[in-house]
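Shared chain: subunit A. Partners: subunit B in the first complex, subunit C in the second.
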Partner chain A sequence: MARTTTKDAQDLFHSLRSAYASTPTNLKIIDLYVMFAVFTALIQVAYMAIVGSFPFNSFLSGVLSCIGTAVLAVCLRIQVNKENKEFKDLPPERAFADFVLCNLVLHLVIMNFLG
Partner chain B sequence: MAAIENGKREESVLRNAFGNVLSFFILLLIGILAFSIRLFSVIKYESVIHEFDPYFNYRVTQFLTKNGIYDFWNWFDDRTWYPLGRVIGGTVYPGLTLTAGTLILNSLNIPLSVETVCVFTAPIFSANAAWATYLLTKEVKGTGAGLTAAALLAMVPSYISRSVAGSYDNEAVAIFALIFTFYLYIKTLNTGSLFYATLNALAYFYMVCSWGGYTFIINLIPMHALLCIVTGRYSSQLYIAYAPLVVLGTLLAALVPVVGFNAVMTSEHFASFLVFIIIHVVALVYYIKGILSPKMFKVAVTLIISAGLAVCCAVMAVLIAMVATSPTKGWSGRSLSLLDPTYASKYIPIIASVSEHQPPTWPSYFMDINVLAFLVPAGIIACFLPLSDASSFVILYIVTSVYFSGVMVRLMLVLAPAACIMSGIALSEAFSVFTRSIKFQLPALLQSEKVDAGETSTDTAVTQTDAAKPAKSEEIVKERPSKKNKKKEKEPVEKATVRSRIQKKLLVLPLEASVIAILLLVLLGAFYVVHCVWAAAEAYSAPSIVLTSRTHDGLHVFDDFREAYAWLRHNTDVDDKVASWWDYGYQTTAMANRTVIVDNNTWNNTHIATVGTAMSSPEKAAWEIFNSLDVKYVLVVFGGLVGYPSDDINKFLWMVRIGGGVFPHIKEPDYLRDGQYRIDSQATPTMLNCLMYKLSYYRFVETDGQAFDRVRRTEIGRKHFKLTHFEEVFTTHHWMVRIYKLKPPKNRIRGKTKRAKSQKSSSTTSTKGSSRKRNPWQ
Partner chain C sequence: MARNYVRFLALILAISICSEAAIFRPISDSHRSAALDLFKPIDGSFSSLEETYEALRTFEVLGIGNKLDISASTCRSVVEVLGSSSSNLKDLFYALKNQGILKCAIKEEILKGVSSKLEAAVNGASSLPDFYYSVGGLVLIKDQTPEVNVLLDDAEGVFRSIKALSQSDGRWRYSSNNPESSTYAAGMAFEALAGVISLAPSEIDQSVVATVKNDVVKLFDSIEKYDDGSLYFDEKTVDAHEYQGPIFVTSSVIRGVTAFAAVVSGSLKLPGDNMVSIPLIVSLPATVLSLTQKDQLKVSVSSVLGSDAPPLTVKLVQASSSSSKGASIIENQELKFDGDSSFHVLDALPDSVDIGKYLFTFEVVLYDSENEKVYTTGGKTQVPIFITGFVKIDSPEIAILDSDLGSIETQKKLDLAGENSVALSANHLQKLRLSFQLSTPTGKAFKPLQVIIKLRHESNVEHIFLMGNSGKQFEIILDFLGLVEKFYYLSGRYDIELTVGDSVMENSLLNALGHIELDLPEPPEKAARPPAQPIDPHSRYGPKAEISHIFRAPERRPPKELSLGFLGLTLVPLIGFLVGLLTLGVNLKNFPSSAVPATFAALFHLGIGAVLLLYVLFWLKLDLFTTLKAVGLLGIFLMFVGHRVLSHLASTSS
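Moving on, here comes the complex of A and B:
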């Protein structure tokens, strides 16, 4: 039973890997950016667990800015992905401009809240 | 062929252009209507600020315009809640004051007094709210429904009651912010554009700045996202609409000082985080499903479920343990009193005592939303055909707002936009069915042989019920139908020719029935308009600081409140403290400019209970309490001479309850005779001795010889008595406000009275004759 589970897990892992390898490069770059943002958020949470949460607004703004950029990057990826039928007549430049605008607002708020 | 098509295209372009211009003018008229229907109080009385809370907002706006925004953020107010003070910057929702103080006052470059801006802010924003309703309903159902909903909202009495000219309260801008935020959410949902998601977050920020009711938005939108996921309507547009709003919205909410860290720590926001996690899980699942083959997906699912379930349970257990440790499970008192209607009366008597926190009566639904009350179910059905994300949102909105409006009368205000949207949808659908029927049968009537083979008139069951409901008693606004008639006819004509080819079955009613139904709809609208204008003019335009009554020799004006505040302003020192019940705190600080002990903010229950205990105690004990608070003057409101029912004697039992909640020696049964509250000769001695009784009825017998109280409709129990520790300094013209001063203690106490003082229990007031000598204060 366990062997079939591990074999299943390995099969799953391989099929995921092969399916993912076929995504276009620009989407892979966005995925990397999302990974980076989430990783930074995790580092911040670990730091807070060690040091304590005293300037809580700084902690909050730091973590939420990471999560926020991750979410916005995912939105960009959704809009730029050619396989999504709902967005096929949205030019990628418009998607990127929206992304930049939303990031600007997010970081303005972050800088205000950072203390 | 091409020429005909070109001609048709030009025709449709022209028709669209004409439709747009018409819509613009209709919207302009709706805005003017919304503004002018709220001006009755200015015409009937004067341009004055109403009620109690607006006076506080007015005072804060004055401070803002005089001192600028930095001083406003850091303002510590020492004129209220003496000796505690109040941090204004951190406890006030700044949206309203910032809007009026900076936006309106400075943007026009016309010299306006602060009072004028404050009085007229609400009507201006109600016009904006009507336009926002148009935009929202247009996103849900189309332009016709949008115009109807906007026209209905401009006039709905429930909204008028909180936004007349002079009602300078948070709801005036908050309802506009609410509808606008919902509109941007629906727009993002429909278009999937990140630009609108950003605007949505900014509109949500404006809503958080304006009103504590923003928790409604941050719980309704996650509820709707969850509903969409659960009913299988997850789409990437839902993700774009929801996820950035949560992150950006939480940050922006944390920026507002009143909310601060509550944005991440209280249970009101947990729903949004929970659904945030859920939507990410669902998005991931859909993504993996997209890239894997179905067999591998099944394998993945089994693996994930077995491993992930354990992790999930652990996380949920931790979360539940954290939430369960707090006694209120993380919810604030106000939210709990909304979720559980019986909570406030058990635990927080102050919330229960406010009259607008009581549940509404059934007639108040008809008074406040009138005809819309039975158009709403028709609208709900119309939203289901067809069901889209936007229409499921408005259905959820109306259901939740109906529940909350049943808990508190005050929240009928949140029901009003939802009811208008639903009714607008219902009316516009009904109207389009009738006009379509007429449009079809009119050419058939004129040229009977030109009927297409493809068109067949059938009455399906749906249209039967649809027509039956409107035909019963539904009408539409009188002036609108002629314009909407032209507008609706354009679309059905194009739709019809296409539809006749695609669908052989059409929903068309007989001509006469349609004509009569349209006339009935117009009548319905006429009734609605008449009711709304009547409600605005008679019921909701009273400023409550000025009262009028019609006597046989004309209009009689009672301006006692302002008289009393003006007396305080001119005849007392700037640093004198005035004690009264908390209802009058805001007005006293704003108009009399004196420091008060408690005011309408009611943030400190113990302080209010102290004042309540003082009012319920005998004179000496009350004097001690007030002296310890440095009070110089005591203000009571008394309506017995003129029959003003909202005076302090009627509110007195609440003072006893609130005082008794903190100081156990005040017991409510002591003031009731056989469970009944009386002030006549059958009243209990505790009642007849308490400070409130004495201050209200001192010298009352001199007015008519019998001391007949017009509100309680009896003669009072104790008519002739003297005050030992207080002296009367001012009584207004109609005896409505009475101001007393604390007598200073005597410098020396003589020997005999010193011994007597240490032996006597509660104070006894001197009646007449010999006991007067024993009293050290006279």
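Moving on, here comes the complex of A and C:
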């Protein structure tokens, strides 16, 4: 029984990996960007856990910028994905323009809140 | 204001209707400096010839000799006015008046021309001011230059025309059109009529002159009286705009009446004093005489403006003491006249005269009885005089007495003329006694206004006691047993201060005598507290105690190395991202190759970079508003550029 669960996990992992290989490159770039943003947020949380949250606004600003940009990237991925029927008529450049604009606004607010 | 001043001088020169003259000094330096302040020429001349004349006349009467400043410019304007054919009557009149004082060099032809102009004006005049100025001008020319022949052809006609403007109550109208009348105008009319009479080639009908005399009498019916008996004229109907005051009006009337009385034969029957005479004023340079300095009583008699009086004697009718119910100490003394100083001097006060306040009564007796018509002496003049002297203080001493028995525990002699600092001590069962004797130079008992002893505690609580006397002996006994409550049970050191003073005492004193240590019992529960003393102002407004603030403890900050370490750690995912991108094999193939889209693409990326750079600057230095403005501008640019690039990309990829 134990053997089947680990083998199943391994099989699952392999199948995911092979399936992922077939995704288009631009989506992989976006995924990488999201991973980057999330990891940066995690490091900031770890720092806060160590030294305390004294300039709390700065902490929030930093973490939320990472999370925000990750969220926007996810939206971009949804809109750009060709297999997604919902956004069939939306040109990907338009989605990218939205992504850029929203990021700029987010970062303005973040910079103001950073202190 | 200025007019009042000259009229004032004219008034006191001419009149003596008042029967009692108050003591006032003749012309002094204060009058002169007041006149100089009042008449200040602008650029060497005054605003009008009238004001110039007033200034010159005032300076002349007061004896101020600096007419020279204004005489040059005044002469110039006088010559100009007299020579010009367009000058009006008032200017001509005042120019001639100024000429009378300054005596400028004026050609005879000019004066002849002026005289003929004035004669023509007289014949053609219809209003009182016109008559006044033209007739007055002619009189002045006649007095100043006898060579110029001044003639008034129809003198009687002119006289009647002026008389026609009179009213039944003695006042005069300014012109036949204007129904308003004034007392001031009456004065002008009298002067003008007097001028007409003096210029008339032949005698004027006496019946007309008699009617004018009646007018004068009627005018004097309207005379009013002040509380001190002096009489004056004033206008009945007051025009607030033009109101000048009783002095102005009275002086005009008196000038007119005097001029009229001078040219008219027979006398004017005026109510009250018949004569217009010069008052003589009795004045004293000093009303405080000192016995120690052997001051002499000096009196001067002069006319109001300071000119010398005729030969006369001054008699001291009576000198009575204010305090001893009018008993006179000097009677009927004649004062000797000292020719050098022109004072009447009393050689020496009799020895019986003591210090104190007196009332001296003087009387002036003229030598020449003829002068009595010209001068008036004003009857008896009373002057309050202070005679001061040195008060002797005998046997001053201070002592502490035991109560009941009255035996002396401590006794100290004081020297009130010099410094003292006695040191006494007493308890509440004892008494303090201060005593001395005061006597006047003649040896009589003297009671000054202030004989006060003051005890001041170290906490600045003061107690004041008045000393009583019996004859010469002044004594006070402070019984501390009775005063314990008054002193608020405050024990300690009290400073003693003695004050003896009076206005006729030359050696009044305020001396600190020393101090006394008082031992008083403890205050009971309900004792009155001593009054709060005024706080030293410096302590109230001085700097206060320093306040030490307690600040919140600052937050504990992490060590610098840890922060820098984590900064580095944050950059690790970025590196990971870049490595990942390379692994995926990213390329820039989709970058537009043709020129225009390429530039737009480049600009797009640069725009984004610029915005991010702006954000960094915003964090470091800028404020929100500047940033928002810049972001707005960059945003518009970016949108335009981005739209071009992305639409191009969209079109190529589709």
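As a convention for this text, the second predicted complex is superposed on the first by the 115 of 115 C-alpha atoms of A that agree within 3 Å, B and C clash if a C-alpha of one lies under 4 Å from a C-alpha of the other, contacts with A are read in each partner's own complex, and residues count from 1 in each chain.
One rule holds for everything that comes next: a residue touches a chain if its C-beta (ideal position, glycine included) is under 8 Å from a C-beta of that chain, and two chains touch if they have at least 3 such contacts.
Only a predicted model underlies this, so the values are computations on that prediction, with no experimental measurement involved.
Three-chain overlay on subunit A, with subunit B and subunit C fitting side by side and no clash. Contacts of A:60 after superposition on the shared chain: subunit B is touched, whereas subunit C is not.
Once the two complexes are overlaid on the shared chain, A:108 sits against subunit C while remaining clear of subunit B. In the superposition on chain A, contact is made by A:44 with subunit C only, not with subunit B. In the superposed model, the vertex angle subunit B-subunit A-subunit C (Cα centres) comes to 50 degrees (nearest 10).
Set side by side, subunit B and subunit C differ in how many residues of subunit A they touch, and the one touching more is B. Look at A:98: by the touch rule set out above, it reaches subunit B but stays clear of subunit C. Taking every C-alpha of subunit B against every C-alpha of subunit C after the fit on chain A, the minimum distance is 9 Å. Note: residues 101, 112 of subunit A belong to the subunit B contact set and to the subunit C contact set alike, using the contact criterion stated above.
Looking at the complex, you find that subunit B touches subunit A at residues 192-195, 197-198, 201-202, 235-237, 239-240, 243-244, 247-248, 250-252, 254-255, 261, 264, 283, 288, 290-293, 296, 299-300, 302-303. Across the complex, subunit A meets subunit B through its residues 5, 8-9, 11-12, 15-16, 19-20, 23, 56-57, 60-61, 64, 67-68, 71-72, 74-76, 78-79, 83-84, 86-87, 90, 95, 98-99, 101-102, 105-106, 109-110, 112-113. Across the complex, subunit A meets subunit C through its residues 25, 28-29, 32-33, 35-37, 39-40, 43-44, 46-47, 50-52, 54, 91-94, 96-97, 100-101, 104, 107-108, 111-112, 114.
Residues 555-558, 562-563, 566, 569-570, 572-574, 576-577, 580-581, 584-586, 608, 611-612, 615, 618-619, 624, 627, 631, 635, 639, 642-643, 646-647, 649-650, 653-654 of subunit C are the ones that touch subunit A when the two sit in their complex.
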